[in-house]
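Look at the two complexes coming up: subunit A is in both, with subunit B in one and subunit C in the other.
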Partner chain A sequence: MERHFDEELTALKNQILEMGAITERMVSDVLKALMERDGSILKSIEENENTVNRMQMEIDECCLKLIALHQPTANDLRLLMGVSKINAELERVGDHALNISKLVTAIIEHEQLKPFIDLPKMVEIARGMFKESLRAFVELDVDKATSILLRDDQVDELRNKIVDELIQFMCGDSSTVQVALRIILLANNLEKIADHATNIAEVVIFVAQGKDIRHHAEPLT
Partner chain B sequence: MTHKIDIKNLNLYYDEFHALKSVNMVVGEKNIIALIGPSGCGKSTLLRTINRMNDLIEGVRITGEVFLDGNNIYDPGMDLYELRKRVGMVFQRPNPFAKSVSENVAFGLRVAQFKNKKKIAEIVERSLRAAGLWDELKDKLNRPALDLPLYQQQRLCIARLLAVEPEVILMDEPCSALDPIATMKIEEMMVELKRNYNIIIVTHNMQQAARVSDLCGYMLLGEMIEFNKTSEIFTNPRDKRTQDYITGRFG
Partner chain C sequence: MERHFDEELTALKNQILEMGAITERMVSDVLKALMERDGSILKSIEENENTVNRMQMEIDECCLKLIALHQPTANDLRLLMGVSKINAELERVGDHALNISKLVTAIIEHEQLKPFIDLPKMVEIARGMFKESLRAFVELDVDKATSILLRDDQVDELRNKIVDELIQFMCGDSSTVQVALRIILLANNLEKIADHATNIAEVVIFVAQGKDIRHHAEPLT
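Right after this comes the complex of A and B.
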């Protein structure tokens, strides 16, 4: 039986997916700007970030209303909780994209220290994780969500490698500090984006199966 | 381990109609259990099997067992008067007698040939207090019970039960005739009573089941589809049929 409530849930789901698409584009743009050393790509980042902030408030308000007026239960309740949590994750991803955008602007003003090796790998994995976390949510695909969780360690390892290497650079040549430090900050922001993708994947598993696997509360199956 | 109530493979037929199908349910101590499900699913029938109220209906046939503290209440030697004293029932519409407030509460004691007036007065007060009515009615004990508003009548019926110290209270949609404030008062009283009694409630109000019960059973077409902690039933039901019903997709 189709319920009026389903229409409202679908509308809410579409809203969060639209917010996801905007943040995904922001992440993609800032990383493209970094890789191609092209600041012109960053023009719309700030405006997009404002849009994401506004959407976060609208989605929260919508969740609050649906909970108050429909007293949802079971999978409906889990979906609303999930949307509310993903809403917060996406807003943070927007913040990190904006941070990265500012760092990229500063980084590309200087000459490249050396060809990037680990950073493109990290970019690829983190961007992929984020993109797939949103797909996993659309399809409520637990397998896809689980595969995202398993990739988080790779991102952490690459970030550590990048930091170690740049510390070496800075120790050897103090003139590299300005750029190296910003790349470290950028890698940290990228690592946070991967963390948010992981959080979204955990939400997907909760919405789909009612299992809370955060902090290893329940084992991955 | 002996449970307060242990229903095993219970089947009930109204003539040819199979109304309860191999129902199993275990009730521990001091819980509120809610039975939910669409009209005609058998929840009230199941409730009435626990104090053998169905015995009064012509054409009823029952197989299986209902244990109360380890004793099958369908054993031929079961004393029905004693059973219904231990397992009291509250109905949809309050049904006080055309007597005073205090006489209603003391009714069960009088039937049991209880004569000590002081003791009766004590029990009347204690029962009215437990039902949350003492402060409201202590100055109106001689007033006709039928003059009370519905929600007070319903709580008076509960006080009447409490006077004979039952162990289990069965409630068949006790709030369906009451407004939201009166419903809230009954629910608050139920949570208080659960300290000392086992309560099984049949309700069509799913939010009520969610608010007051510890365990919840979803019934459909005479079957117990799912019986689990209420928090689980309302957040992560195991059976899709339960999910469809509690989310309003059923039908």
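Right after this comes the complex of A and C.
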């Protein structure tokens, strides 16, 4: 019984890592398509999103079965609850990647507004945060997870700078309204991906140490 | 032991219903402030959001303890996993209400663009969906939950109409860019609240029937 449980738990971990790898590729692809202005990279996004959705349901079912059939210890139960939470985060990252993909398709139809400086920076940080949140989970590495939390504010600041600059464009030249609005929405989706990376990092700390550090900067009223 | 578990389960249900009531009031308040252009209604939003965040952590801890200490049956385990999922949805609704609150504060500083027709419609439908998703959970009412799922497309359509109309404003008169952009972002936050209502409705069906109907409209590739 015990060995069977360990095998199933390992299989579940592999499944969530595979789902993580697919969403990571989705994020990487849509951002590459944006930076290189190449829509051909987006071909597999919808298929990947369907796969991620299917895996979300399979992983949730598997978590429920493992908890119901075995009586996991505190550590294993925390891991299973953690997998269930990361599962939900990854599915949402897939949604945001699909949103970005649609925005990129429309954005690259128009001439580029100007060479961006803050957007590539934001892309690099957000993509890095998401990638590392998955590594932190694989290794249950609390230090790596903690370092991700510290970068969320940078992403928010860059997003705000990008939005302010694009508003200037829209006010100055109405022909830029449509494309500038889409870049604003894209930056918002990217900011959400960084949020999900932060959430995953918080789950890693919870699984590794049993500490719930969410909403850490807020007063407990 | 069994009676103790039932009591704790009832207490947990009451806690999530209280959290639902607070988020429902937050959503109701920010939309009232928007419609009546009255910022004084927004005073308690931040305090309520802190309360929702604190409750999210308490409820998650309680779910974990109940699963770890007792060996819940399939039905009770499904309920506990469902509470944990609804907990995450409610916390995000609180985030969106806070975002809307900040946008409303900025929007009502400016003169109204025009009397809106689609926005009040969208407000009514999204607010109704969220309210009913909580009722469906209280009553574990599958019919009510199903009726919510059918309204999500209407919200998306209204959001798209609102965005298209606001783009026309921004293109025609650059002095409307800032306020129109904020209304677009507000409509996006509102659309997300409707999404969360849909997610809650899907959890209700899962808890009541054991059926996972998420991503139902998508092919399983």
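Assume the second predicted complex is superposed on the first by the 214 of 221 C-alpha atoms of A that agree within 3 Å, B and C clash if a C-alpha of one lies under 4 Å from a C-alpha of the other, contacts with A are read in each partner's own complex, and residues count from 1 in each chain.
Quick note on the criterion: contacts are C-beta pairs under 8 Å (C-beta built on N, C-alpha and C of every residue); 3 or more make two chains touch, one makes a residue touch a chain.
All figures in this text were calculated on a predicted structure; none of them were measured in a lab.
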{"item": "Which of subunit B and subunit C A:L77 touches, first, second, both or neither", "value": "both"}
{"item": "First, second, both or neither for A:I167, with subunit B first and subunit C second", "value": "second"}
{"item": "First, second, both or neither for A:I184, with subunit B first and subunit C second", "value": "second"}
{"item": "A:D143 touches, of subunit B and subunit C: first, second, both or neither?", "value": "neither"}
{"item": "First, second, both or neither for A:E111, with subunit B first and subunit C second", "value": "neither"}
{"item": "Touching partner for A:M57 - first (subunit B), second (subunit C), both, neither", "value": "second"}
{"item": "More subunit A residues in contact [subunit B versus subunit C]", "value": "C"}
{"item": "Residues on subunit A lying within both footprints (that of subunit B and that of subunit C)", "value": "71, 74, 77-78"}
{"item": "Residue numbers on subunit C that touch subunit A, as the complex places them", "value": "47, 50-51, 53-54, 56-57, 60-61, 63-64, 67-68, 71, 74, 77-78, 81, 84-85, 88, 167, 170-172, 174-175, 177-178, 181, 184-185, 188, 212, 214-215, 218-221"}
{"item": "Contact footprint of subunit B on subunit A as seen in their complex", "value": "1, 3, 5, 71-78, 209-210"}
{"item": "Subunit B - residues contacting subunit A, complex", "value": "206-207, 210, 234-237, 242-243, 246-251"}
